[in-house]
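To keep things clear, I will list the structure first and then write my remarks on it.
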C-alpha cells in the first residue's frame, strides 16, 4: 500500500520530468528557428554597427604607432629616467637614427611625429625635418667598422643566411628586422643601408658575449670581435648631429614624451578628454587656460536636458491635442508635425537665424510694437538661447510622436471614470491621465535627449561660443585635427555618460515604462 | 530617358575605346559652389574636350577631405583621384602619408618661357605633396553706411579692435588662426615677428588678452558664407571672410560694403593626389593635374572667381571677369596695391601648434 | 411602483440632443425615475440610450430640455460634482493603481480621512467578494473580477445614483448571467437608484424594475418587464423583446377590445387591438411562439385555429422548436415544452394550430 503510493508518486515525478524535457526541447527548437530568422539582421548589425563602434572606442586607448615606428628607441629609453633632466645617452640617439632612417623610407616619421605632437606641440616638425636632416648625418664610421671586420658584411645575401639562424635573430632582433625590411625593399640585393650597421652597433653593446660565441655560424666570431672593438666607435656622436638638425632634440621633454607614450595602450587620450594629462607622477590636471572638455561636457548635458524639458513642455499639449482629434484630422496634423523633416536641417537652422538675429524678424517686430527700443534689440542667437530654441524646434517631432502614440491608446473612459468618481478635471489629469502617459514621456525624453546630446550642426551654426556641444569638439578632432584617439576618447566618455543616465533613468522610472507606440 | 542616356553614353564610350585606350572615370573632389564651377570651366571641361576617354566626376566633399582620405586609406579603398584642399590640410595629409609626393620638375608643366615649375610656384610650394592653385586671402569687409562712425572708414586691421571710433558688432572666424596674429599685430608686434612672439612664453595669452577687449562685440563664424550674410543683414559692421566672398557681395550683389586689404592673411588652395592610386588612374590623374596647373589654366580660373593664380607666370594673363566684365587684376589679393601689408601665414608653425592653440582658444571662447 | 412624473428622483424633461446640428439622436425625451428604482435603457446601438446616460453623467450636455436629479437641475453642474457613480463598459479601472488605490480614489478626492477610507474600501471589496485582492493591479485580474472591482468603485462613495453602461458586455455568457443576479441583489440590498444601459433584452428583463425601450431617439415603451413582454405597444417592441411571430393583414372590423383582421393568406383572425388605425388599414398581428398550440385537441374553447405546414423540427432539449408555414409566412415559430405527451412533427405534415385571441395583438404595420 505504502509502496504503491510511493511508486505512483515516483512515476508521476518521472512523468513531469519527461514532460519538462519535452517542453524544453520544443522550446529550444522554436528558439533556434527564431534565431535563424533574425540571423541576417543580427550579422548585419554586428558588422555594420557594433564592430565599427567597438573599433572606434578602442582607438581611445590604442597607441601602437610609437612602439612600431620607434622600437629601438623605446627599448633604449627603458633605462632612462624621465624625471632626470639629462638627455638620454648616445645609444638612444643611435637607436632613433636607425628607427627614423627606416621610418623616413616608409614615410612614417611624420605620422609618429603627428601622434606625439598631440601631447607636446612642436614634435611634428621635429620629426618632419629629419627627412632632410638625416641625409646630412655622417654614419660612414658604422659602415666602415663592420666592413673592416669582414667584407662579407657588405653582402646582404650572406647576412640574410647568417640571420636565418633563429638564435641570432633572437639575440639581435632589431638588426634582424632592419635587415629583413631592407631586403623586402631591395630585392635585387647588394650592400644594406647604414641603418642596419647602426642597429647592429647599438644591439651589440648589450648582447651577451657568451651567447654570441655559442652560435655555430661564421658570423659569430666576427660579432664577438666587433663587440670587443666597439669602443672604436665611441668618437661618433650622433647626439650632436641630431642637435644640429634641430636644437629641440636636446630638450628632455621630447624624450619624456616618447617614453611616456610608448606603450601600445595609453590612457593619454582619455585623460586629455577630462582635462588631465600624464605627468611624471601620474595624472595631473591641465592648466586653467587649457581646461575645456569637462566644462563642455557639463554644458552639453545641461543644455540637452533643457532642450528635452522644453520639447516636453511644448510637445505634450500638441500631442494631447492630436490624440483627441478625429483620426483623419489627427493624421493631417501629424503630417504638419512631420513637415519640418522635409526641409534640410541647414535650412531650418538658418531660418532661425533670420528670425532671431538682432536685425531679424522678431526684433524688428518688437521694435515696431515698441516693446523694445531700437538700441535695446535682444540678442537671441549665437548663444545658448538660440541653440535651445533651434534644437527644441528640430527635435520636437521626436517628442510628439511617442507621446501621441501613447496618448492615443488611453481610452477616454479613464478620465470620465475619474470625473464621475468626483475628481475635478485637473485632478483627473494629474492622477489618472498624466501617469498613464509616463511611458510616452519616457520614450520621447530618452529619444530627444540622446539625439540632442549628439547634435553638432545646429550648435555649430547658432551656438556662438556658449552654445556649442561636446560633439562639436568630436567633429573637430575627427575631421580637422585628425586626432581620432582624442575624438574616440571624448565619444567614449559621452557614451559612458549616456549609459549612466540610462541606468539612473531605469532606476527612477523603469525602462519597461518606455513605449514608442 | 535614363536608359536612353545610358545607352548613348555607353555607345559613346564604345566609340572612344575603339579608337583609344578604355575610358576612365576620375573623381575630382572640391568645395562646390562658385569655386567648383570656376574649376570646371577653367580646367575640367577643356581637359575633357581634349581627352574624350576621361570622364571627370565632381565630388563636393572637400570640407571633410582629410578625414575621408584617412578613412579610405584605412579601408584600403581609395575612390578619389584628385582632391582640392587648403595648404594646412595638405601638410597634414602629407605628414600622414595619405597624399602622394609630387615631383615638380617632371609632373608639373614649366612656364611658357621655360621657367621650371618649381621656380614658377616658388615659395608657395609648402609641402612636397601639394600643388597650389590659387592664392586667396582672409580679410575684412566693412559697411560704408554706419551712422555712428561719423563718416570715418577703417583703414587698418587694427580698427577692428577700435571700439571707440568704430562701434558695432564684428564677425571673426571661430578658430585661432589669423585672429591671434591680427591681435598680436595690433598689440604692437610687427608683422614679420608675429610667430616668434606667438611662440614665446605668454605670447598666446597676450593675443587672447587683446581679443578680450572686443569679445563682447564679436559674432564667431564657422562657414564662409556667414560673414557676407551678416554684413548684408547689418548684423555686423565689419567682419573677416575670404576675399572671393566679399568680391561677390560687393560687385555681384552691390551691397554697401568695402574691402579692407590691410594685413590680409594669405592662404593657398591646391591639389593633392591620394597615395596608393592604381597605375591607370594615376596616369590619367597626372595628365589632368599637369593640364590644370599650367600657366594658362590658372590664369583662366580668375575669369570666374576673384582668387589669384598661384603661378607667377599666370599673373600677366589675368583678364576680365567673364560675366561682370570687370578687370580682375585689382581684385586679386596678390595685386601689389592690395598686398602692401600682408600677413604671411606660417604653415610649419601652425602645423605644430594648431591643436594646442586651438584647445586653448576654445577654452578661452568657452570662458 | 407608480412613479409620479413630478416627483421622480431623476427626471428628463423635453431633452433633445444633436451632435452635428442636423440629426437629433435624442428626440424629446421625457422620463421620470423613482428613488431606488432599477431602470434599464434598452435598445439597439444608435438608439440614443447611451447618449442619455452620458447626459445624465455630465459628459454630454443636452441641446435642449432639462435634466433634474433630486429636484435640482444639473445641466450646469460639472460631472465630478454630480456625485453619480458610474460603471463603464470596459470597467475603466486605472491600470497604474492597485485595486485598493482604485477604490480609494473617489474617497481621496473627497478628502475622506484615512481610517474611514480604508474601512470603506474593505467593506466595498467584501461586498463584491473581492476581499484580499487589495494589492493586485487591474490587469492581473480576470474580466469578472475587474467587473466586481468596477462595481465596488462606483459604490464605495455611497452615491444615490449609479449609472451602468453595458457593464457586462465583455463577459462570457455564464459569467454574465451570474453577475446579473449579483448586481440585482446588490441593488436590492443597498436601495440605490440604478440607471442601466444595455442592448441585451434578457439582461434588461432579468434585472430591471422598469425597462425603457429606445429606438430612433425615442422611448418606444416604458414598462415593467412582464408588461413589456406580454403587452408590447408597438411592433418594434414586440419584435425587439423576445421572439415573435408576425402575420400581415388588413383590419376588417374594429371594436373596443377586438379587431378582426384578414390576413394576407385570406384567413380571418381576431386580435387585441393595441396599435391599429381604422378599418381597412394594414396591421401586423403578433403572437408569441410559446402561446401557440400545435395540437388542435388541446386547445381551449374560444381558441382560434389556422392551417399550417411543418417546415422544420428542431430538438433543443428542454423545448422543441417547430418552424411552420402559416398564412404565407414561412418563419412562423412555435415553441413547445418537451413533455412526454408532446407530438414530434416531421417536415411536410399539414396540421391545424391555434391560439387564444387574447394572446394575439394587432399592432402597427
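Letters A, B and C name the chains as they come in the text, with residue numbers starting at 1 for each one.
Convention: contacts are C-beta pairs under 8 Å (C-beta built on N, C-alpha and C of every residue); 3 or more make two chains touch, one makes a residue touch a chain.
Computed from a prediction, not measured in an experiment: that's the story for all the values here.
By CA centroids, point me to the most central chain in this structure.
A
From the C-alpha centres, identify the chain that is farthest from subunit C.
B
Centroid of subunit A to centroid of subunit B, CA atoms only: how many Å?
Computed from C-alpha means, the inter-chain centre distance equals 30 Å.
Return the distance between the CA-based centres of subunit A and subunit C, expressed in whole Å.
Measuring from centre to centre gives 73 Å for this pair.
Measuring centre to centre with CA averages, how many angstrom lie between subunit B and subunit C?
It comes to 87 Å between the two C-alpha centres.
Would you pull the subunit A residues touching subunit C in the complex into a rising list?
411, 413-414, 416-425, 427-428, 431-432, 435-436, 438
Please name which positions on subunit C make contact with subunit A in the complex.
57-59, 78-86, 88-90, 92, 94-96, 105-106, 109-110, 153-154, 157, 163
So in the complex, the part of subunit A that touches subunit B is made up of which residues?
Going through subunit A, the ones touching subunit B are 107-108, 110-111, 113-114, 117-118, 121-125, 128, 289-292, 295-296, 299, 357-360, 382, 460-461, 464-466, 468, 473, 476, 478-484.
Tell me, which parts of subunit B touch subunit A in their complex?
63-64, 66-67, 70, 92, 94-97, 169, 174, 205, 219-220, 222-223, 233-235, 348, 351-360, 362-366
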